[in-house]
Amino acid sequence: MAIIKRTNRLRSEDNTGFGANSSNSAGRFYDRKRGQPNIAKRGVGILDRYSWYHTVLGMHRAKFLLLIFCVYILANLAFASIYCLIGIKHLSGINSGSALKNFTEVFFFSTQTFTTVGYGRISPTGFLTSAVSTFEAFLGLLSFAIATGLFYGRFSRPRAFLKFSDNALIAPYKDGTALMFRMSPFKNNILSEAEVKLTTGIQIKENGKMANKFYPLGIEISKINSLALSWTIVHPINEKSPFYGFGPDDIKKTKIEVLVFVQAFDEVFSNTVVERTSYISEEIVWGAKFKLMYHPSEDKTTTILNLKKLNEFERVEMPIPVLSSETIP
Amino acid sequence: MAIIKRTNRLRSEDNTGFGANSSNSAGRFYDRKRGQPNIAKRGVGILDRYSWYHTVLGMHRAKFLLLIFCVYILANLAFASIYCLIGIKHLSGINSGSALKNFTEVFFFSTQTFTTVGYGRISPTGFLTSAVSTFEAFLGLLSFAIATGLFYGRFSRPRAFLKFSDNALIAPYKDGTALMFRMSPFKNNILSEAEVKLTTGIQIKENGKMANKFYPLGIEISKINSLALSWTIVHPINEKSPFYGFGPDDIKKTKIEVLVFVQAFDEVFSNTVVERTSYISEEIVWGAKFKLMYHPSEDKTTTILNLKKLNEFERVEMPIPVLSSETIP
Amino acid sequence: MAIIKRTNRLRSEDNTGFGANSSNSAGRFYDRKRGQPNIAKRGVGILDRYSWYHTVLGMHRAKFLLLIFCVYILANLAFASIYCLIGIKHLSGINSGSALKNFTEVFFFSTQTFTTVGYGRISPTGFLTSAVSTFEAFLGLLSFAIATGLFYGRFSRPRAFLKFSDNALIAPYKDGTALMFRMSPFKNNILSEAEVKLTTGIQIKENGKMANKFYPLGIEISKINSLALSWTIVHPINEKSPFYGFGPDDIKKTKIEVLVFVQAFDEVFSNTVVERTSYISEEIVWGAKFKLMYHPSEDKTTTILNLKKLNEFERVEMPIPVLSSETIP
Amino acid sequence: MAIIKRTNRLRSEDNTGFGANSSNSAGRFYDRKRGQPNIAKRGVGILDRYSWYHTVLGMHRAKFLLLIFCVYILANLAFASIYCLIGIKHLSGINSGSALKNFTEVFFFSTQTFTTVGYGRISPTGFLTSAVSTFEAFLGLLSFAIATGLFYGRFSRPRAFLKFSDNALIAPYKDGTALMFRMSPFKNNILSEAEVKLTTGIQIKENGKMANKFYPLGIEISKINSLALSWTIVHPINEKSPFYGFGPDDIKKTKIEVLVFVQAFDEVFSNTVVERTSYISEEIVWGAKFKLMYHPSEDKTTTILNLKKLNEFERVEMPIPVLSSETIP
């Protein structure tokens, strides 16, 4: 196959962290939605497999709040049960009645202890009940100490808040063509010293079996001082590119994945943030170019960046390379 | 125009993150007051457009405290309304009276629950009221957990605490002239390994239309070990400078913006801090030099840095360059 | 001895931070379990010798929780004693009885104050008792403020979560042999830009006395973009290696320690994490190679990494070098 | 003077951040005790001059705790006064008596509100009193939120915990002499990738007036992988050194200050830490060398580092250079 011959000219990259033998791995290299390598782990217990802190930090906000609330309710149900087991006669001030009524009274006493509200209408009198409530108040405060840490950990977690175009385009560029995609910060964060690295994984037949080959992709401007507007990454498809001579069909037929790694400095967090994404063959559009996404404001005092246009492109006519695998056996 | 010829000799910089086509953008590149790129975003919902954490961190202190207090009052008004809707008869110990009196009693019960003070003069008895107060105490504690995180986030946020002179000066320097401005840390923070980068944006006519051109500006000493005194940044206007041959009128007539990016290591926060500013044509003073702003203490044991003098300069006579656009067509 | 002659060809490294004179130090250089240099400190007071924050951060979770609970109990025992000394008559609402009964009542009053539950069944009336409880509530809140910080410090502490193979292997590699070991992240953390440095410490006789010599070890791929799968570090034993010509007996007889230093960027913490380990002679296996530890998932959509196989290796036949110290005097 | 001739051979450093004109500054460059540049600031208001967060972080522990306690007492005195002004009849449950008795009762009610203990023996009934207590409980919680942040900020603040020898020594080294000093980490923190930079400031007469000249000092090993034992920094006094040819009297008579800047990576904090110190002429000892400060443990399993010996040195005979200013006019 022609692709192999062409890619063989190039020095492949062997430090991607992914294996070269394609029969040992499967699926995309990157899970695009999570922006993480597409790998599952086995052989460690469920408790050891996850860093609960990493998990909680990555959780959706609603899920996180629900989790905290559930822990709160469950803890109080557990303590209410303990108080009932000890006997409600050790709680002064309770309006006793049916078993359910008693349990709810005890449950509310428990929540008043856990949150340290302690109205005092109900208060513990016996030794055991007092001891348990002593422990519960302690546990309650610690729980909120942990919650405080989790909240802070969540919202102080440095994130790049970058949106990538859904597609990478192959567009005319200077005398030839180039692979392009673009990104834009979508929040009021300020990124500087942004840098991008591109690597492509290509599955090719080597010595009779399929292998993953990785190639670095050259970029016109791979570093910018200030990432405030949209940034179009341009990989010129010249002789140094593994895609040189590829026509639209070569791209479709070959298992390609362009791995994108962006690193920038967030000036508010004063921290380095990274973001990953990838484009596979199906996400690469042949013969299209991006539309401009910013324009001056009406009063000419500022520049407006329209994020809705991030993935807007228009078709352009482009000649199909003569080196295409269609023409070369 | 002569300026174009001269700047064309130089290699322009294309990694500033700002567009080259001046008709697509407007206003200053940097909003000097905020120290941020002068760009507004559209096309994302109001909720997605801002990282609320970045917003809260950048807020003025008084505004931030007011915000927290308002949230506190509004939350308690809401809970007080809920308790009133359920019925105040489910709250024991209330001194009932007029509707307003009742509402204030309930409001104060609510605040006592939200803050977990829980005096207990008023306490919930019914199921619904107890359940709501259980939820309120939980929410109250979480709110203060979040407030704790915000306070810490605000005051631990690494900032450079740098003041820049209001003007950049063009002063005699060695055999020629130089563009100078200075900066000084104004608090008891300690900055080391400070580094400065200068880029200038110049609007020039190219092929009949106005374009933004960016040029790096060389600096005499662009890195210092310890930023404790004032630091004067000196860009010598020699043949490598885009301002070479500029007279006072050229500077006035041309749309110039000198972009300043300072990076330093804060030894207390143990973190890198950055600061941005810019000087436009109107802020550049021709023929002036800064006055010294530090002197020995009276007892000769320390050095005094007077920050009031940061922008103090004196006029100096300087010959107007012969290459000036006034003399060359 | 032949080893000395061979290692003398090589430039040793003198910036390891460990001394060259082996009679001044003892034991392994690295304590492998703690991943820290094997050094004890004297000459500073017990209070100054430890950074209690570093100590608490490194403590096992159960030990940490127990510590906090003990502080809580001890603080309340102390305050209960103070209240008893002042006299329980200054506490209204107490159910007095035997001395023990009184003490437990006072103890629970103390915990209710320390945690700020404050049911109010028991409340202070006298001046001294009120003053002590004022101080106790203050201290209680500060304690939980500190606990909050410790919890956050513990779970936000950047760690690499890397597991290393128990053994380093000497396996056939290309035309010769190589020293290999491997590592793998075992949690759902994402590491990028991982880099490894290898140094070996060898104890050799020099001018009649034993000395520590350190040599950098070359690595085939010392940096990878994404540390998601297992990573096998390969040090080719060629002429530049201090182990060149070593047979299995040379390794056993020589006091060798391979020092491993891994640095990576954790994308969730947005921070650099480091990890250290070392392999001594006894942990180096001659003639073995690692088994593959990942495979495609059944539905071919992802790659499965089996961490149980991290140290699985199989024996391989390998010729013993002719340069071996057995054959050369 | 001979010193000027000799130092003039060398390229001076102009990026120290200190001025060259010695008549503009006074005293040591570095305040050795604080490890900070010896500079005072004027011209900014007292409130703007200090970053209170930097101040609180650098404060001694006892002072910090006292500060927090004073704020607590003062805030409660203020609130107690407000409650008294409104009238104690709006507080139910008060044991009224003399004015002082009333004030203490109100003061304790205030502390119970501020800490949210809220026993409830005393509780607010009137509108104003309730409103003030609502605000006080809010303020109390915020205060403890801020205290939480300060505690965390204080103990998570990355510090190098390095001790430097009190003196720098001039000792025989190889064929000549060298300026040496040493440092050692004194706590259970782990520092890696430590790097040291040395600059010397020398006051010399230039064109008739005294000027500060700065010279970089070369170091034998300026970077080590692991800073676990003591680290002796060696600046060989060869022809490239500004001290070349200096005798003991030259050092005494010249105003010398050796500026030390250490940077390392703390593996627990996962952060870069820096430390500064300086040695002036009086702190430099001619003809002395350090004693070894570590030895094997008795059971030969670990290495013991004795920090008491950090500054222990012994006198050595050394020839006085022939180039000394005593012999050359």
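Think of it as A, B, C and D in the order they're written, each chain with its own count starting at 1.
Definition applied: a residue touches a chain if its C-beta (ideal position, glycine included) is under 8 Å from a C-beta of that chain, and two chains touch if they have at least 3 such contacts.
Just so it is clear, the model here is predicted, and its values are computed rather than measured.
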Fewest touching-chain hops separating chain B from chain D: 1
Copy pair chain A, chain C: interface residue numbering same or different (half cut): different
Contact-pair overlap exceeding half with A-B, pair selected from B-D, A-D or B-C: B-D
Maximum centroid distance from chain A, chain identifier (CA atoms): D
Centre-of-Cα separation between chain D and chain A, whole angstrom: 40
Chain C-chain D separation of Cα centroids, rounded to whole Å: 28
Residue numbers of chain C (touch at least two other chains): 112, 116-120, 148, 152, 271
Touching residues (chain side chain C, partner chain B) in the complex: 116, 118-120, 148
In the complex, chain A residues that touch chain B: 68-69, 72, 76, 95, 104, 108, 111-112, 115-121, 144, 147-148, 151-152, 155-156, 161, 186-190, 192, 194, 221, 223-229, 231, 265, 267-268, 270-271, 292, 294-297, 300-310
Complex contacts: residues of chain B adjacent to chain A: 14-19, 23-27, 36-44, 48-51, 53-55, 57-58, 92, 112-113, 116-120, 123-125, 127, 130-131, 133-134, 137-138, 140-142, 145-146, 148-149, 152-153, 157-158, 197, 199, 261, 269, 271-274, 276
